[in-house]
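Two complexes are shown next, each including chain A; its partner changes from chain B in the first to chain C in the second.
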Partner chain A sequence: MKVYFLKRFLELIPIFFAISIIIFVIMNSMPGDPLLQMRMQNPRVMTNDPERMRELREYYHLDDPLPVKYFTWLKSVLTGDLGYSSMYKSPVIDLIASRLPNTLVLTITAWLIGLIFALPIGIISAVKKYSAFDYTTTVFAFIGISLPGFWFALIAIIIFSVNLGWFPVSGMATYGIRGFWNIFADRLRHLVLPAFVLGLVQVASWVRYIRTSLLEVLDQDYVRTAYAKGVPDRKVIIKHALKNAMIPIITIIALDIPYFFGGALIIETVFSWPGMGRLMYNAVISSDYNLAISCLMFLAIITLISNLVADFLYVMVDPRIRMGRKGA
Partner chain B sequence: MERILEVDNLEISFRTQLGKITPVDGVSFGLSRGETLGIVGESGCGKTITAFSIIKLLPKNAFLGDNTKITFRGRDISTLSSEELQKIRGKSISMVFQEPMTSLNPLYTIGWQISEVYRLHEGLDEDAAMKRSIEMLRLVGIPEPQKRVKEFPHQLSGGMRQRVMIAMALACSPELLIADEPTTALDVTIQAQVLELMNELKNKFSTATIIITHDLGVIAEMCDRVLVMYAGQIVESGDIFDIFDKPMHPYTKGLINSIPKIEISKKDQKKLSVIDGYVPHPSSFPDGCRFRPRCPTAFEKCLEKPPMIESEGHHSVRCWLFEGDDM
Partner chain C sequence: MPKFFYKRKLDEIEEKARPVHINSYRQLVWTKFKSHKLALFGAVVLIGVAFFTLLGPLFVEVGYEDMDFSNLFSPPLTEGHPFGTDELGHDVLVRVMYGGRISLFVGFASAVITTLIGTIVGLLSGFYGGIVDRLLMRFVDVMLSIPMFPILITLTLVFGSGIMNIILVLTVFGWMGVSRLVRGLVLSIRETEYVMSARAMGVRNGRIILRHVLPNVIPIVIVSATLNMSYAILAESSLSYLGLGIQPPMPSWGNMLQRAMNYILGTTTGTNPWWLTVFPGFFIFITVLNVNFLGDGLRDALDPKFVSES
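Let's turn to the complex of A and B:
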């Protein structure tokens, strides 16, 4: 077991470097010149003097060949220096450190909301196959899969913020609130809409996966054995069927974690949520190389971690895999 | 002897895309304590759903006929609530299934799966239930049961898994055991061991047993009485000697003749006789005698539905050839 995970973890290292090369090359092939960009942002301090421009190019190593640039970049990244954001005028690492918690709060809440809704709905529509409930969820699931998240976000704002006034339209906090519990309640109120929109968008596809997977398991011989043993229906479904059905579901739910961060990019922009998503969006829009590369690398790391988590979880659930890999 | 099971006029229908089909109809039989009844027939005869109907394990789209009555120890099964059924299943009536490879839950240890029966029906705590499970595993001949209880189904061979299934079925000493093709999926040598084990245990617990099989060898080994089923009906029933020594129905004769015999010398070797054709689908059972299209001795009368004709003793047959033999 331990050996297996160590192996899986070590495998991630070359993958990580391969991803870093791809991201670096793509970002460097983007049109535009960092110096011109800087001059556009701050015309007074930058000169037009060709000699001065050449000096600057040399100073920033802009004319180095790509492989040299990559290794220079890699060296500084590995020592914890992610560079300086030309747009926010601040070290990238500080930006990420200040935004990451906000994004984590949003995505983890959304992920949990997704699970809390998808699991029971999926289970009920599998157990009560072809019932009115099943047909209704199927219709809503298809609507959910077909319509984009930002549209839901806007509709939610119109209904719940503008018309009903239950939740704030955007942002993460109201200024001037004092007291731990007041602040907590205020944060929660701000969190509700973006987290629900981000989570519920995923519910649609998860419900379908859970339904299919559980239906397949409910047809298995060992489920019939459980009924023949006199196990009550509820226990048959939860203990015998669901645990087996969870094996493929776990993989999907864990591998979908990166999509929450990707989805956060749009949702954070719509709700002006100060998280990584908006940071990434702004970085790409304004060609802020260092920031954009760091954000993309962050997404890559999240994806790799989700893979590892999925692997870990289904090894925990399934003894066949656990035993099979014991000696590996 | 005390009658524990009475199945009267069993009719099982399914709502399907083809409309209503009735793969089993007019099946009646009974079972006394300690008795072993074999139900034999080709695949698709309705043997398995007949067995499943006794503990209401039929699929959701199945329903029983209005005149069907299944009585277990004086209680009408169809009037039981699902809680009452759960108390009977696994405790008074248990089942062993055809596929030991897939009939155990892959995610739980075999000890857990056997002890679940004790926890449900005898209210034992985990330790006590596990102890009883170890005893039961020893009883079904699994070596080192203390070690084996911690193993998962995938670590056991097919024969061992079927022993586990038997241990689970007999855990609460049920009054009725239904074994649906218990040896079909096993190797021949393992088949013999499992049959011997079942014989031994059903005598020990004096369990009434219904064995469903297409293998007449299994019937000969295990049963007191036999029902021969064809296309959802009983075509012949009798005690085991009647069936093997004096088969009456052309279908029973066909089945007995299709048992391969091992002949070494060339002159004894002859082509294995077969029953031509297939069991008809329940949506298109022939009118009159359902075996008519495949029957070598069919005549005009067979276009009418043959009744069950009682011959000597409890030997009865559904065939016009024996009309007038009625006693």
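Let's turn to the complex of A and C:
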């Protein structure tokens, strides 16, 4: 077991470097001269003097060949220096540190909401195959995967914020609220709508997936045997069927974590949620290289970690794999 | 009573034992597909949408850029504008038709290209195995670990957001799923008796791949192509929402929806111009929904396992 995970972990290192190269090359092929960009944002400091411009270009290593640039960047990143954001005028690491928790709160809540809805719905519609419940959820699942997320989000805002006034339209907190519980309640009120939208969008595809994999298991001989032995239905489903169906389900649910971060980008934009997605989007839009690269790399690392977690869970749940690896 | 019971049982057995005249796999697929009502419905609706967008503009004289200044924000069924007009007096019906051409083209083209690339990579990786497999699959891992949506945004900023660039961006980061699927399937096909016997007879690798392996992965490829198409249409609309999709004045369902969002709260116009959201949104929804229906039906119809059971 330990050896297997050590191996998996070591495998991530070359992948990490490959990703960093791809992201670096893409970001460096972005249009726009960073120096001109900086001058535009702060004309006081910069001059039109070509001599001074050349000095600055040299200072920022703007004319180095791409591989040299990459290694310079890599060296500073590995020593913990992510650079300085030209847009926000502060170190990149501080910006990410202030935004990452917001995104994590949003995505984890959404992920849990998705799970809480998808699991029971998927299980019931598999157990009661072709029932009214099954058909209803299938129809809703199809509708769910056929709508753009942002559209769903806007409709939710119109209904629940504008018309009903239950939740705030956007943002993450109201200013001027005091007291721990008041702040907590206020944060929660802001969180409900974006988290639900982000989570429920995923429910549709999860329900379909859970239903299919449970149906496959329910068709197995050992389930029929359990029924024949007179094991109560509940016990058959939970102990015999679900336990086996969980293997593919867990994998897909863990592998979908990165999609939440992708989806969060759109949802954060719609709800003006101050998270990583919006930070990255603004960085890319205004060619803030250091910030954009760091954000992309952070999201890539999160993806790698969630893949590793999926792998880990997969092995934990399925003893056959555990045994197989040991033997090999 | 028992006699009656046995009679019925016998009938049933006879029914099952009656020789069925089966001519070809293709026929079986068609029979199976026809019985899948939802898929048939999906196919009909998609053909309808395709005709509407391709042939529709031939019957109207108004172009998608023509403005009718006497009719801004006209509700549907205003004279001459069955779907109403937008903030610049563009006819919504006409724009929905032209926008549909673009959205469908983006969806279809990127689905075809991603599936093609994914299939080729999957075939090579699964069939040759070894170092080829390991390199290609590591590359797939790398591509899958790059956060998709942020990179889409970056790439559209790098390449610009024309139709071809949107397709390019969606395909460059869209083929990995198909390749994994195909590879998995090829790994098991490679070990089958018919492939081995072909090998024993000295058939060249290229021919084995084309004649023996490829036909068996086609079903799964077609199904994932439909899923890719629905994904591409939704992705284009999401890119448009961020202002990075197809650029106005050229319409796409995505960017029509995005522009409509500016007015949906009714604060700028006093009224809520719901028709600006409803029509493009409805067409995205109908198209993607029916592509999904079609994919579901095709999966049931094309899977040989299901066919032999029926």
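We take it that the second predicted complex is superposed on the first by the 326 of 328 C-alpha atoms of A that agree within 3 Å, B and C clash if a C-alpha of one lies under 4 Å from a C-alpha of the other, contacts with A are read in each partner's own complex, and residues count from 1 in each chain.
Simple rule for what comes next: a residue touches a chain if its C-beta (ideal position, glycine included) is under 8 Å from a C-beta of that chain, and two chains touch if they have at least 3 such contacts.
This structure is a prediction, so every number in the text was calculated from the model and none was measured.
The larger set of touched chain A residues comes from C, when the choice is between chain B and chain C.
Applying the stated contact rule after C-alpha superposition, one finds that A:Lys229 touches chain B and leaves chain C untouched.
Once the two complexes are laid over each other on the shared chain, residue contacts for A:Val25 go to neither chain B nor chain C. Using the contact criterion defined above for the overlaid structures, shared-chain residue A:Val284 touches chain C, although it does not reach chain B.
By the touch criterion defined above, A:Ser146 reaches chain C but does not reach chain B. When the shared chain is aligned, chain B comes close enough to touch A:Asp221, but chain C does not. Contact with chain C, but none with chain B, is seen for A:Pro258 once the two complexes are overlaid on the shared chain. Once the two complexes are overlaid on the shared chain, A:Ala300 sits against chain C while remaining clear of chain B.
Those residues of chain C that touch chain A in the complex are listed here as 138-139, 141-142, 144-151, 153-155, 157-158, 230, 234, 237-238, 241-242, 254, 257, 261, 264-265, 277, 281, 284-285, 288-289, 292-293. Contacts from chain A toward chain B in the complex involve residues 220-222, 224-233, 240, 243-244, 317-320, 323. Residues of chain B touching chain A in their complex: 55, 57, 82-83, 85-91, 94-95, 97, 99, 102-107, 116-117, 120-121, 152, 154-155, 165, 168. Across the complex, chain C is touched by residues 14-15, 18-19, 22-23, 26-27, 29-31, 142-143, 145-151, 154, 158, 162, 258, 261-263, 265-266, 269, 277, 280-281, 284-285, 292, 295-296, 299-300, 303-304, 307 of chain A.
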